[in-house]
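Below are two complexes that have chain A in common, paired first with chain B and then with chain C.
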Partner chain A sequence: MSETSASKGGFGAWALDPKRRGAMLVAPALIILFVMNIFPLLWSFGLSFFNYKASSPRVPSFRGLSNYERVLTDEKTWERFQTTAVIVGSSVLLQLIVGFLLALMFAKVFPMRRIVLMLVLTPMMLSFVSVGVFFKLFYEPTFGIVSYVMNIFMTDKFVMLGSPGGAIAGIVIADAWMWSPFVMLLVLAGLVSVPKYLYEAAEIDRASSWRIFWTITFPYIKSLLLLAILFRTIETFKLFDIVYIITEGGPGSSTETIAVFLYRNAFQFFQTSRSAALAYIVLFIVIVLTNLYLYAVNRREEEVT
Partner chain B sequence: MSNLKVDNLRRNYGSVEALDGMSFDVAEGEFFCLLGPSSSGKTTTLRAIAGLEELAGGAVHFSGQDVTEAPVQGRGMSMIFQTFALYPHLSVEANLAHPLRRSGASSADVKKRVDEVSELLRVTHTLKRKPSTLSGGEQQRVAIGRAIVGRPKLLLLDEPLTNLDAKLRHEMRAEFKRLHRELGMTMLYATPDQLEALTMGERVGVIKDGKVVAIGAPRDLYQHPGDTYVAQMVGSPPINFLSATGSGDNQVELPFLGLPVAAPGVASGQSVTLGLRPHDISLAGGGSSRATRFPAKIHLTEPLGDVTVIDVTARETGMKMVLREEIAAKYNVGDDIEIAFDPEDLHVFDPSTGARLGNGATQKN
Partner chain C sequence: MRNIISGLMGATVLAAGLGATPALSADITITMAAPDWPPTRFMKEHFDQTYTSPAGHTTTLDMDFIPWPSFYERVAASLTSGEQKYQMIVTDSQWLGAFVEGGYYLDLTDKINADPELQAIMQDLHPALVSAYSTYPHRTRAQLEEAGEVPAPGVSYYGFPQFPDTYVTFYREDIFCHEGEMAAFQEKYGSNLPCSYEDWQDTDWQKWGQIGEFFQRSAGEDLAGETLDDDFYGIAYQAGKGYDFSTMAINAFIWQQGGDIWDESKMPEAQAEGVVNSDAAVAAFDEYLSYLQYMPPVAQTGQMDIFVIQDLYMQGKVGAIIDWVGLGEPVLDPSASKVHDKSAFGPAPGSRKGDGTIDRTGNIGGQPFVLTTWNSDEVVDEALNVVKWWLNPETQLSAVANGGQSGLKSVMADPGYNDLRPWNRAHVEMIDWQKDVWHIPEFFELLTQQQEEFDKAITGQQSAKEALDSVAEFQQELLEDIGFIE
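What follows is the complex of A and B.
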């Protein structure tokens, strides 16, 4: 076939030449990656040094680091970081607890285990938007199921998202509901990797079940737990969809995470350059977290081998 | 006084009977070996005694108490696993200290015991290291150390030498004997290797299909095997089995011999299986009786250094014999030789049941 196309000449033959066939095959992916990811990334990095507003036809002028300065000195930014930290902290903690308990449950063999396991894993496979919509409906004060159940026990009308604390709890619960199965999967992997003979040896050593857990089980799941914490921290730090759908950052700005704040600034107030600067600060934090994560992964690999 | 009494243990995996009425007693301070081929139920027996197996029936009595339902932790026994089962994430020191942590001993006491044990087993230099950095022999000794550090009354050993090379196995056999002498604890040792059972055991229980078929001192089992199974389990190279027919009262006829030989307990016309140890066959010298000398052809030789195992054929009957190396060196494969045996050395068995006939039958337990 290559002969016939070579005799015909033309672009097809040129492109299918074995010398450049590989490059030609990856080219489309590379082009898309560049156009859709790398170029916007670099462009926005450039923008963060100008005073560009996407809503204004004015020609932007170079402002140096002033956008970074303004973002970092803005009290609002720090408030949003605090809100994010509260949501990340409580959500990851809740995910760890629930995920860990689920893993302990699924480490044992019981009837219908596979089916129950599959059901427990479903939240993780849903899209953020559908999870957000579900929970918005659950929390809905007039006909939501959560409000309905709470109203049975309470005299006042229960409005989950009415107070800052309630709204944060609502988001944390939705996020934890979605991602606890992920923590469970990681912990379960650790639990099943413990060789059975170690448990038997520990029993022979007359260790109590509590001690068996701390000296045998925990060392095996320790690094996986760390992975789960880091991975979930990175992901929750960027939490946007669920918050935007359930509370839109409200009431007030009490659930406005850094991602929602960024979105607002960029696409509602059109402070494009300032948002780009903030986005780069967030990116930096995520990169630091990611490197911690990779470090943990490598350590786990070393331990296991 | 019987220290450990294993009574009619039953355990099945699906339709397979792993333990089919396993019974034996071990006296206090005794070194008792369970000898049997793989999957005959040795490991299951030890695990059942330790409490790691669910039993379908039977009882385990230890130090006068019924411990069949007792938790593993409360039995006062220790076990060495075939795979050593060291804690891979803990240092050797922490591995050795693990059984002591529970009893609320002070850390000084723990350290003292760990030091004593590591000295006894010569692993002091490895204390700070992780088990995976140790050689097989060192790991083995650490596993022994962890098993004895809590001063158990009974030590269960599940094929502890299987994963070691031949030289280490030899050293460790001596080590186990030394430990048994120095610590004086009761030891129950499971092995598929007749050499280990014979060299270490004060008594040996031969296992077949989940039950003990013979118990005795190694020497008795070797010299008076109660049946063909025990005869071929004990002794290396394995015993030769020859088919023969009774040619009159108390004598048999062998196809490769011209004259009948004495075999007590055999009736005329009865077909029997004769057992003849390779070590009991020798080159025919001037003194050997005419009746038991016969020509044979060398088929195969296996030099073992000091001795050579020789496969010979006599009138289409194959058998193994052992000659000292300097004598065996004079012969080649294909040579014809004259060999002989002493009729006293014949073991006579019933071919259908395998049971020993005539004199010297050991009492079956």
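What follows is the complex of A and C.
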């Protein structure tokens, strides 16, 4: 950029100079990304080494790795990780089963398929808050529909959220209801990509249904299934909204996922630095899972090409 | 008492008149953080209709209405972020410590000492409210009354009542006063089913449990001469994990039966262990738990909060609930409530003492409003004018008539006060029994851990003793760490 051109066209001409046009076009996005994401990320990382409490005016002092040590040696943290693992495992498994069955159904042509498909996809387009409120009302033991139906078959009142197991099941069902259609979409993409001539050849060879599925269908969808598992594991691992609305982590702390535990530490106990340390441990786990996800995506691309 | 009200109104008018010739008038906007519910909505409407600045300013009250469930988080986030958005804040009394120590709430002691009008208001306020809503470090009602003067020397004052709230009993007159039901109750328990206000004055927890057992009916059974389409429950009080939704009810049981919570007014000598989990406290908590079996099954989930029981009552599924006066107005709304024309109100039950009297000690509800520290002198003075306007007897009577409540003794003693709303008589009776939970900055940590342990007991995961032992251990450790227990 020469002084001459700057003086001729002013800032507009300087900014639109072909040499820097690309940089100028991405600059706003980079600035927003830095201000909204990178800076807070670095700031909270710094906080995790101090004893800062957002509710206190006291000047924080440097504590080194003690917050990480306290978080990792706190048995509550591990209890919350276990709860999260149970919910993630159950929910992702249920999503896979339901999503897979739905995909098998929609891989075939039947009347009003498009309309039914659209209806089945609706849950994943709803907000978490709406889904949480729906299911909280469904499970309400006095007038909720789930209790109403179950009471027809039971002598005692059915109270879905009255026990730790029931409450976990309630959350898993709500999450699976919302996200099974997503798994279905991925599997369906795999199913429709299977060349028809393979099925025709298998039919000529009189291969069994299981043989057709295992040797023709499954190889086409396995990498997409892996993607679905990883993506849903990452998302369910961070599950907050539905849990907080349906059970608030209760009864007691039996459904308190690591995300709810983190929120309560940060915004109810105001243990800001310790929460930041826990958040970075969670972030580390999510990064590991994301790398596995990216590895799976790359493998899928290699298979396709 | 009319004379006192007239006198206060006269003083207000006189002061307004004296102050009506300011050197400079200005446009002042007071932004107030307020929970979104009728008492604050009314304040905004009434302000817009009636407020005239005695200082000649053009004053706007800009209420930031925040939904209840996120109120604390939103206010805390605003204050701690340093955005200095609010000039006034409707605050729970328990937040005083955290936000005074944080440097956000303004100490009004000097202003009160220098202003006869504010002093007159403080003297007219019920002492339970002054203790709970205004003092930090916390002073009990007994300590304030012992001082003998208002403001008491050496005490710092911060808040004024925006909405003083108490627990009262909401009950279905059509079933509690039904002759057949009354006779059946008398036959079964040998005592009367409470029908009138006076009957509720003589209702203790034991009878509350009997009412619960008596009215627990299944669909198809009869209730007050009609066949039920759905299951029906006799009683409900709050048993929710969120915020303070079980602590408020459990504290009442504990205090009434001679137990106690950690007493911040006696720090650093006051202990948590041995007090919080004393035998009296455990027995009181056990009694609280024993009545849950007669309540709607949502009690078993730990989600029976004040809004849930209000809703169940309005749907006609519960015979009697104990809830805040502030939630009474929708019960009388024909568009929202199936029992709008069948409801009556009485004092909350209590624990009967050896001499036959009933102790109704309870945990105060409602909220004060406070000023923030970053306001200019001009804004502070104008905000205090708003306080005076709100606590003017005329404004207070309008607020009460529209579903609000008053903490002014003179207003509550007005002969027409009880007729303004059906729960007023019970409110006046209950306010004298009120105490408050802790005000220290770590209040939310104490509360959250306690709520979780109470919730485990409510949902049958542990006993009352295990819950209180865990609460006591946590509180002892935390309070020792921060130097509040030596």
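Following the convention adopted for this analysis, the second predicted complex is superposed on the first by the 277 of 305 C-alpha atoms of A that agree within 3 Å, B and C clash if a C-alpha of one lies under 4 Å from a C-alpha of the other, contacts with A are read in each partner's own complex, and residues count from 1 in each chain.
Definition applied: contacts are C-beta pairs under 8 Å (C-beta built on N, C-alpha and C of every residue); 3 or more make two chains touch, one makes a residue touch a chain.
As the structure is a computational prediction, the values presented were derived from the model and not from experiment.
In this superposed model built on chain A, chain B and chain C occupy separate space and fit side by side.
With the two structures brought together on chain A, the opening angle seen from the C-alpha centre of chain A toward chain B and chain C is 150°, to the nearest 10. Of the two partner chains, neither chain B nor chain C is touched by A:I115. In the superposed pair of complexes, A:E140 makes contact with chain C only, with no contact to chain B. Looking at the shared chain after the overlay, A:E200 reaches chain B, while chain C stays out of its contact range. Of the two partner chains placed around the shared chain by superposition, chain B is the only one that A:I216 touches, whereas chain C remains out of contact.
By the document's definition of touching, of the two partners only chain B reaches A:S208; chain C does not. The overlay of the two complexes leaves chain B and chain C separated by a minimum Cα distance of 52 Å. For the contact definition in use here, the chain B contact set and the chain C contact set of chain A share no residue. Residues 195, 197-198, 200-208, 211, 215-216, 219-220, 303 of chain A touch chain B in their complex. If you check the complex, the residues on chain A that touch chain C are 54-57, 140-143, 147, 157, 159, 161-164, 167, 247-254, 264, 267-270. Residues of chain B that touch chain A in their complex: 47, 50-52, 72-74, 77-79, 81, 83, 85-87, 89-90, 98-99, 101-103, 146-147, 150. Residue ranges on chain C touching chain A, taken from their complex, read 73, 76-77, 80, 98, 101-103, 230-231, 241-242, 296-298, 300-303, 312, 315, 317, 441, 444-445, 448, 452-453, 455-456, 458-459, 461-462.
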